[in-house]
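Got a structure for you, written out below as structure tokens; questions coming shortly.
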Amino acid sequence: METILFWLCGALMVLGGVMTVTQRSAVISAVWLIFAFVCAAGIFAILDAPFVAIMQVLVYVGAIMVLFLFVIMMLQGPVLDNEKRRLLKLPLWPAVAIPPVAVLVLVGGWIRRTGTRDFGGTVPEGFGQPAAVAELLLGRYLLAFELVSIVLLVAIVGALAIGKEARKLPWK
Amino acid sequence: MESHANEILLRWIVLVPLLGAAANGLLNRRLPKQVSGLLACGAVGVSFALSIVVFLRLAGMPVAERFLSDTVTTWIGFGRLQVDLAFALDPLNAVMALVVTGVGFLIHVYSLGYMAHDAGFQRFFAYLNLFIFAMMTLVLGENLLMLFVGWEGVGLCSYLLISFWFNDEANAAAGKKAFIVNRIGDFGFLLGMFLIGVTVLPHLGAGEGLLSFRVLQHHAGALAPAATAICLLLFLGATGKSAQIPLFIWLPDAMAGPTPVSALIHAATMVTAGVYMVARMNFLFVLSPAAMNVVAIVGAATAIFAATIALTQNDIKKVLAYSTVSQLGYMMLACGVGAFAVGIFHVMTHAFFKALLFLGSGSVIHAMSNEQDMRVMGGLRKKLPVTWWTFLVGTLALAGIFPLAGFFSKDEILWKAFSSGNQVLWAIGFVAAGLTAFYMMRLLVLTFFGENRASPEVKHHIHESPLTMTLPLVVLAVLSLVGGWVGIPHFMGGGAHFEQWLEPVFAGGHHVVEAAHGAADAAHGAAADAVHHDTTMEWILAGASLAWGILGLLLGWLVYARRLGVAEGARRLAGGFPYRLLEHKYYVDEAYEATFIRPGYRLSKTVLWKWIDAGLIDGILVNGSALVVAVVGSVVRLFQNGMVRFYAWSITVGVTVFVLYLCFSG
Amino acid sequence: MDFITDHILTWVTFLPLLGSLLIWTVFRRDTIARLVALGVALADFVLSLHLWFHYEPGRGDDQFIERVPWLLNGQISYHLGMDGISLVLAVLTTFLGPLVILSTWKAVKDRVPDFLGFVLFLQTAMLGTFFARDMLLFYVFWEAMLIPMYFIIGVWGGQRRIYAAVKFFIFTMVGSVFMLVGILYLYFQAGSMDLADFLAVELARGPQLWLFAAFILAFAIKVPVFPLHTWLPDAHVEAPTAGSVILAGVLLKMGTYGMVRFAMPLFPEGVAAFAPLMSILAVIGIIYGALVAMVQPDVKKLVAYSSVSHLGFVVLGLFSLTPAGVAGGVFQMLAHGLSTGALFLLVGVVYERRHTREIAEFGGLAHEMPAYATVFMIATLASIGLPGLAGFVGEFMILFGTFGSETLPHARLLTVLAATGVVLGAIYMLWMYQRVFLGKLSNEKNKGLGDLSLREFVVLVPLVVFMFWLGVRPGLVLDKIEASIERTLAPVMAPAVDNHAPQGSHALGDGADGGPVFVVRDPEKDGMNQ
Amino acid sequence: MEVTLTHYLVLATLLFLTGMTGFVVRRNAIVMLMCVELMLCAVNIVFVAFSRLHGDGGGHVFVLMNFAVAAAEAAIGLAILVEIFRRRRTVDVDDLKALME
């Protein structure tokens, strides 16, 4: 069961990623990205991380991607879609392709040499449940948690500062 | 020495004119002219009065102890480099102080009338007071550095006063020239000071100021090995300030300033600073016969050189200016043959009659509506009686006619030159004396005799100057008449009081010589011997120079008042070349211009700035290294193409390479 | 007040930064920003006076020390300290601060708060550089100076401001990078970034030479020493007046300060090896700067080149390695800050009125602006070293020290050549003065120019007063720096005792009564006397 | 075949490379941002996989952190894009070359 789910979700997720990259229209790209993220949530679920999976759907799909779509709509979609020009000149394709291919070859070679690694053992009781994550988040990683909140705060202020029309800012 | 009221007075002699200058300078036009003039004259008057007080106090002291000092504070104090802000008074600078403040006071009074209608009246008196301050610092300074302060200060005032009427670019240029030429001299002075300081420093005891004259005199023995170099460097300074060859060129141009300035600064006081300095440092100069020879030769050469130029000048002030240069040459000559006292004597008498002559010429110029060319003057004898009579006194004094002031001092100089054993120097001085008489008579005739050649309009305005101007003339005339009597030499039955007064200052130098060389044939000894053995020779020489002076005057009279054809003939002599040579002052200015100034300018502008700065350093090295970067980076340039995707790709490549490296290295 | 006096250096250093942050964020109205900036600068000056009066000059060591471990277990610390040399330069900085801000009152109209913020920020960086006793801290301040200056030139500058700003930035950066490498090298040797630990490191001759070269390059560019000077005229000409004043008044001194504080005490062998070269470059700079200044058509450029000449004197004094020469050098830094600062302010005054600085455009200005001409004259005279004004004492001591230097080959010849700079200085300054102020008022555009305003007087009079004050009472400064100079340069001057017999090396003092010799001091003995 | 840790890692690698390639290839800045999200997601998978391996929830916490960073990045990035679009009427990065030289 787990195996089937893994292959299904994994394949669909990669498909979603590839479609995101290859679709000319930004809106369609975004939709495919949402698809990929939902599949990623499935992967998380398989990996005993239900809380993360839920959050993936809520935050990514529900918030971030909506934001993306919102912006795409706002910026007059048609203007964005006309990537009429070729994406790259032909001779440049190898240059783009070489690094990923090199990495894949490397990974392949690596696996061939060392074999795969099993998860082994079992996870503790309640692993990945909201309670466990919350305990870590508000205990061991409290400082990081607070810092992240500051990062978000700064991001909010920054986004406001950038987004607002320049002359309406308080100090201009 | 315990602090005494008279010693504290020394600083006030210097400071009172400074206060006057400050008041005039800061308030400037807010001050009514009367108040301003009164303030300025009062300041110098107080200074003069104080000088008399301290002079009398000095005179009341035993001969060997005649010394007052007033240390205000430490000026530069760093480790062993200790220089005090201090003033001192000994017989030498007591004389100088009296001359400077006395003549200065008269000229201040004169300026009241001369500058009455000038818009810059207050500014003028501020500068003039500032000058007295600087000059008194120079004279009363207790050490070489204080002297240098005054030295630079008078140079500055000279600059300010020469370019006083700065509306005319030429005046401004003349002022600048004076300052810069003086700076060249100061360059030597500075180096001389360094050499003294470095040489004497190891020998200083605790609490001894580095450049103090007394200390230096005390350690003169230690300075002996470097004496020649020191003296020549200091003398370079003196040639600048006292307008000797080769740095005399600024003085004639300095006549661009108002005439009282010419009288005060460029005749009576500042230009004698060089002589004063040489006399002040006599204890060093006597250690170096070579330097003394240079001083004497330069002095004699300057005397004759300037006298010949004076023969042909048409500007009344230029004649007097070259005459001043020539007379300064005499003073240097005196110092050079070891007769420092006589040199200072001539400084004093010259201050009287040259100030008189300049002020007289100022009176003439004033009357002639600012005309300075003698060719359009003439016949002023009747119209300017006071000026005429006082001018006559000045001329006779300068020509060295018995019993006026100039006779005694000039005759003494010639005698000392003769008795020093170098008859060539004497002969040069003797010839120059005749020339002096000749050109002064030429000046006198052209200005005061014959018909007035001015335009009717100017003629109409000719009038005698006001009392403020004539009174100083009269006083100075009297001084020119009797001023020499304080130094009537022994052979004429006089007491040579002047020399005796200065004896304590210069005796020290002779002692140093004796100590250093162990020789008894020092200048002092020789002179003293001569007094007893050779009076006949002195009489003969005195008579000869008197006769020679009269002859010069007579010739001048004959040529210019009676037979102008002779003058015309001289003008055309040998194709007119000698005359033109003299008229153009031997083309010295032009030579300097062609050899130093223009090439220096070109060098700076073309080579240094355009080629080296802009071309070599900026062009090749700086921008060139930028070019190298560009060549190397013609590849890199591709990376800097502003394409975000390209940057992203670069990152991926970099990361990939990094990962590969990690894998294969591990 | 204890909380201020206990951390006085921090307060003095960071008060301007506080001010700049306030101005950038809160006080955005032009007038208020100006007043706040002026108030902050004045307050900073008052605080620095506390340093002036409470510093004990006799000891000559670092005082008012503040030290807090910062990074890497305290290997790098927030370490501030101040000795006499730092003191006088810091006070010069805080003294110029209010004057600079006051001078921009009318000159800067565009983005006033930003500008003032940068000026104050720059002040913090400069003060920090003078006080830092931890090399990393020093380097941070040192580099921090670049940023505001870059913007001041690049944003508020003249026509070619971008070029000038970039040139300034790159020149300085190039030098700093080498210095950073040197600092890191020393850090790994010393195991700490503290200056005292750096001084304790025993280095072989080879590394010393390399490190000295790396350090001196950074400082020589900043000074600037002769072949590295071409950024200076451009930067000066393009910079706004305030920028020029800070640049000439304080920033250039960073280079010479760095030499005294770091390059020379850290690498005595390097000093010994490079002193002849440096002094020759200094002398070339003196003459070269003067000659090139002479032919400049632009007043500001002329003053800029005169800085090259004057700073040449400073470098010469430092590398004379005599107490008098070094003290003269430090003194000359102050004097130059006053006189050249004043000159730039004065050029700014006329630029504000006429929007040109071409000498040919002027002539006869003294008729229209007599007070201006007078102040300009005083600044000119101070610049050419007239006795009684500040410039003379510095030049005199430098030349005197160099003349008596025993470590420098051909010291006397160098002095003679350097002394020609005195003559040349008079030539170019007075010639410029003549062309700008004297003669007839021929250019119609110059008619009716107003004389100095009250505000301009307020800016200039303090400078003039101090030119006179320092000229007559140089002890004011010399007393403060004497012990510090001996202490700081003890490592450099020490070899003189070992290598030279006191008497034999002295060319003219030979055969005398064996008294002590100028220059040579026994650092240990001096140290104990403190 | 049992699903091992390696499978998850390879899967994450694939996703990451896809995102990376897309970032390089695409010109539309918005899509580029989406590609960044893809890469972040790949990283998240790795975190969770290792978390499972070690039985330690720290990886989950880091994923949550990543969410926050991604959110912040998206917010700022999109705000910048909007602003650029307002001024330049384009979000094609090839047209945005003000930084060149």
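A, B, C and D label the chains in the order they appear, each numbered from 1.
By definition in this document, a contact is a pair of C-beta atoms (placed from the backbone, for glycine too) under 8 Å apart; a residue touches a chain by one contact, two chains touch by 3 or more.
It should be emphasised that the depicted structure is a prediction, and the values quoted were computed from it without experimental measurement.
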Between A-B and B-C, the pair with more C-beta contacts: B-C
Reference subunit D; chain at largest CA-centroid distance: B
Between subunit D and subunit C, distance of the C-alpha-averaged centres to the nearest whole Å: 51
Centroid distance [mean C-alpha coordinates] between subunit C and subunit B, Å: 36
Inter-centroid spacing, subunit C versus subunit A (mean Cα positions, whole Å): 56
Approximate Å spacing (C-alpha centroids) for the pair subunit A, subunit B: 90
Multi-chain contact residues (two or more partners), subunit C: none
Residues within subunit B bordering two or more other chains: 649, 652
Overlap residues in subunit A, where contacts from two or more other chains coincide: 96, 99-100, 103
Residues of subunit D touching subunit A in the complex: 1-8, 10-11, 13-15, 17-22, 24-28, 30-31, 33-35, 37-38, 41, 44-45, 48-49, 51-53, 55, 57-58, 60-61, 63-65, 67-76, 78-83, 85, 89-92
Subunit B-facing residues of subunit C, complex: 167, 227, 229-230, 288, 291-292, 294-296, 323-324, 327, 364, 366-367, 370, 381, 386-388, 392-393, 396-397, 399-400, 403-404, 415-416, 419-420, 422-423, 426-427, 430-431, 433-434, 437-440, 472-475, 478-479, 482, 503, 506, 508-510, 512-513, 515-518, 521
Residues of subunit A defined as touching subunit D within the complex: 2-3, 6, 10, 13-14, 17-18, 20-21, 26, 29-30, 33, 36-37, 40, 43-44, 46-49, 51-52, 55-56, 59-60, 63-64, 67-68, 71-72, 74-75, 79-80, 83, 85, 87-88, 96-97, 99-100, 103-104, 107, 111, 116-124, 127-128, 132-133, 135-137, 140-141, 144, 148-149, 151-152, 154-156, 158-160, 162-163
Sites on subunit B touched by subunit A in the complex: 649, 652-653, 655-656, 659-660, 663
Sites on subunit A touched by subunit B in the complex: 95-96, 98-100, 102-103, 106, 110
